[in-house]
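Which chain is which? They are A, B and C, in the order written, and residues in each are numbered from 1.
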Amino acid sequence: MRENILEIKNLKVYFNASQQPVKAVDGVSFAIEKNKVFGLVGESGSGKTLTALSILKLIPEGGSIVDGEILFNGTDIIKMDDRSLRGLRGSKIAIVFQDPSSALNPVFTIGSQIVEAICVHQNVGKAKAKARALECLNRVHIPDPQKIFHDYPHQLSGGTKQRIGIAMALVNSPELLILDEPTTALDVTIQAQILELMEDVIKKEKLSILFISHDFGVIARMCDEVGVMCRGRVVESGAKDAILRSPKESYTISLLESVKALT
Amino acid sequence: MRNFLKNKMAVVSAGFIIMILTFALLAPFIARQDPSAIDTNLVLSAPSAAHVFGTDTLGRDVFSRIVYGSRISLSISFIAVGISVFVGLFFGSIAGYYGGGIDSVIMRFVDIMLCFPTFFLILAVIAVLEPSIFNIMVVIGLTSWMGVARLVRAEILTLKERDFVAASRVMGASDTWIIVRHLIPNAIGPVFVSATLGIGGAILTESALSFLGIGVQPPTPSWGNILMDGKSTLGVAWWLTIFPGLFILFTVLSYNLLSEGLRDMLEPRLEDK
Amino acid sequence: MLRYIAKRSIGLIPVFFGITLISFFVIHLAPGKPTDIQTSLNPKVSYEARARLEKLYGLDKPVYVQYFSWLKRIVIFDFGRSYVDDRLVSEKIAERIPITLLINILSMMLILGIGIPLGILSAVRRGSLLDKSTTVLTFIGFSIPEFWVALLLMSLFSITLGWLPISGIKSLDFEYYSLGAKILDVAKHLILPVAIAAFGSLAGISRYMRTAMVGVIHQDYIRTARAKGLTESQVIYKHALKNAILPVITILGLSVPGLIGGSVIFESIFAIPGMGRLFYESVMARDYSTIMGILTIGAFLTLLGNLLADIAYSYADPRIRATEGE
């Protein structure tokens, strides 16, 4: 019996709702099975990042959720009060953002930012928090975590910062990890390293993953199930192999064709 | 232009400014009384039908003095700002265009000038040179060019790398020609914004100087020196304090809003309002 | 960190020279000689007496020699003697500076205490009534003559309502007050001057703070902070503020000359015995040596203010602290 950790039903996120609404997400539905990797693929502007942000209600200014349900372990996140929502953010559901250079606060040390993520949700002393932070930094294969702990973001490379982003997301042992185009902003060689790291994490940790990308190749490599998005809707979804071998929708087909054309 | 008209505040401000300019230009027709006419019978009388804004300590009509005062305040600010723009354009374009050592020296000079509390400097110079309308104009102008210089320099630094400059050089244009005919006209936008703000500032500075007795000297009327009377009659003749102050406030406010409108016209901001 | 301070301080030396040059230049704009006031007003002064005076002030030497001897005296704070009462200029300034500094520091605290929170709130609640009315007040604040506001407040609080004293820094029977009453008395006298001193800069700072905050709030790292589960106040007051405050520190440094210069106005209106008022009196009396002294001191204070702001900024921004300290 399939157990879904996350179910999105008919999600609609509009911008500028009062005048001429931009229907960025217009009726999206899919489900992520527990401990599986779900890939959301689509071109820029298809609404995939926005869908991911909606899960934690991190929608940018001007936008709002106008309809739908987001069920996390059965509870509707949309109807949650602020306190419960904050309880979820960074602990049960964690997110890694696309651009590591801008995702970290430039005026705080790496260590303090990770420790902060821990202390928001866990009632532990500074020493224990630091230990946990170092443990997670090791987990993402960062060389010399003790030094990095006291560094500032501007002193580090993109790849290192993205690893830190992943470490920060893992500190509270999330049940659902959202990865929003985690490799898009990185150099190709670094991309490969991060993907390897992700595969390692998936193997060793027990969590469900929502992986967002515009790169079908990456999706094919990392995911168990796939959802294809186009213009705010999920046009097709299902098991990865099924989609790759026998895509039903014309959009999916053309998407796959373009990938094949490149490889 | 449409951007400008859409901004209601800017339009209202422009209207107010036109009104004040009219006051200044057509003063003799608007102010029916002689601003220097002393009438000892009517010393410090409250506003009435004959004297709309009341009279001052010498019985002079305050309304006429304010209208004629607009001439003084406006002309001083216009010329002072003109001077500061000219000097600022000069230093800023040279610094931006030639760069290197010249740039460093000029910018150091700007830094040094900015270290002086402007008001102190102006007061000191006027103390030394004696207050006259001419001196006031020049001193205000020579102490407020620094902002314009920095602006112009920044604009020129970006502009000088552009193709049309290289093209001019290839055609044999001299440096001066390039600066004056090509670079400055393109950099002039922000200068306008700064100049409008500067007019407001100059009006405030001139009125402060006149208020302290070291600006426009009586009997020549200036909004500032009418307020000097206002101070000595505080609590007794409210009209001597309220009216000139309101004129200063609304005129400067109009220029400030105008400059905001100009800025919006030049580079429409993304959000913010 | 110390190296940075040392480096910046050394860089200020050319500026120091520039300031002295300009001050010197200003005084020599005077037609005639500074001693003319003392001598030409008195027809009985003989030619020899005039020559002696000039020699005393070094006015018979070429200009550059005068400049260097003046410079030598300035660095030990010897500004000569006042033309008005022959007292040492440095003494006169020294007894007036404390009160001016006190008022300026208090007004700075007011500016920070009100301007910064106001700017933050305006940014956080963009478009709200608070934001709109603050914007309006800010514009008016930029456009209103400070001395006029002083007059209006004086008229309202001192004359009409009688709540606050009109002028000075202490009442007539100050000597007889208890310590507590003395403090209260000075405080009452300072309320209006400090308020006026703060007024002009308040508008600027709150607007600047707002702009800086609005810029920061849209950054990605703010979204990350929310994604970690932080409360909105932690996001705003810890993450956003620490970034947005940086440009404001620079602006604070730049507003020091304005504060010092503005002291002339409110000290004159409220009859506060500070440096600004001394400057005004000296200007009226054409007391050139005092004018020069205060002009130079004023510029130095500005220099100091800028240096402090610089140091504060480099300390607050780790991007600078880390690279400069290496």
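Going forward, a residue touches a chain if its C-beta (ideal position, glycine included) is under 8 Å from a C-beta of that chain, and two chains touch if they have at least 3 such contacts.
Bear in mind that the values here come from a model prediction, so they are computed numbers and not experimental data.
Contact topology of the protein chains: linear, an open path with no closing contact. Ranked by separation of Cα centres from chain B, the top chain is A.
Chain B and chain C have Cα centroids separated by 23 Å.
A separation of 56 Å divides the Cα centre of chain A from that of chain B.
Inter-chain centre distance (chain A to chain C, centres taken as mean C-alpha positions): 52 Å. Touching of two or more other chains is recorded for no residue of chain B.
Of all residues in chain C, those touching chain B in their complex are 14-15, 18-19, 22, 26-27, 29-31, 126-127, 139-140, 142-148, 151-152, 154-155, 159-160, 211, 214, 254, 257-258, 260-262, 264-265, 268-269, 279-280, 282-284, 286, 288, 291-292, 294-295, 298-299, 302-303, 306. Chain B makes touch with chain C in their complex at residues 108-109, 111-121, 123-129, 200, 204, 207-208, 211-214, 224, 227, 230-231, 234-235, 238, 241, 245, 248-249, 252-253, 255-257, 272-273. Interface of chain C with chain A (complex): residues 218-221, 223-231, 239, 242-243, 246, 316-319, 322. Partner chain C is touched in their complex by these residues of chain A: 56, 58, 61, 86-91, 94-95, 97, 99, 102-109, 116-117, 120-121, 152, 154-155, 168.
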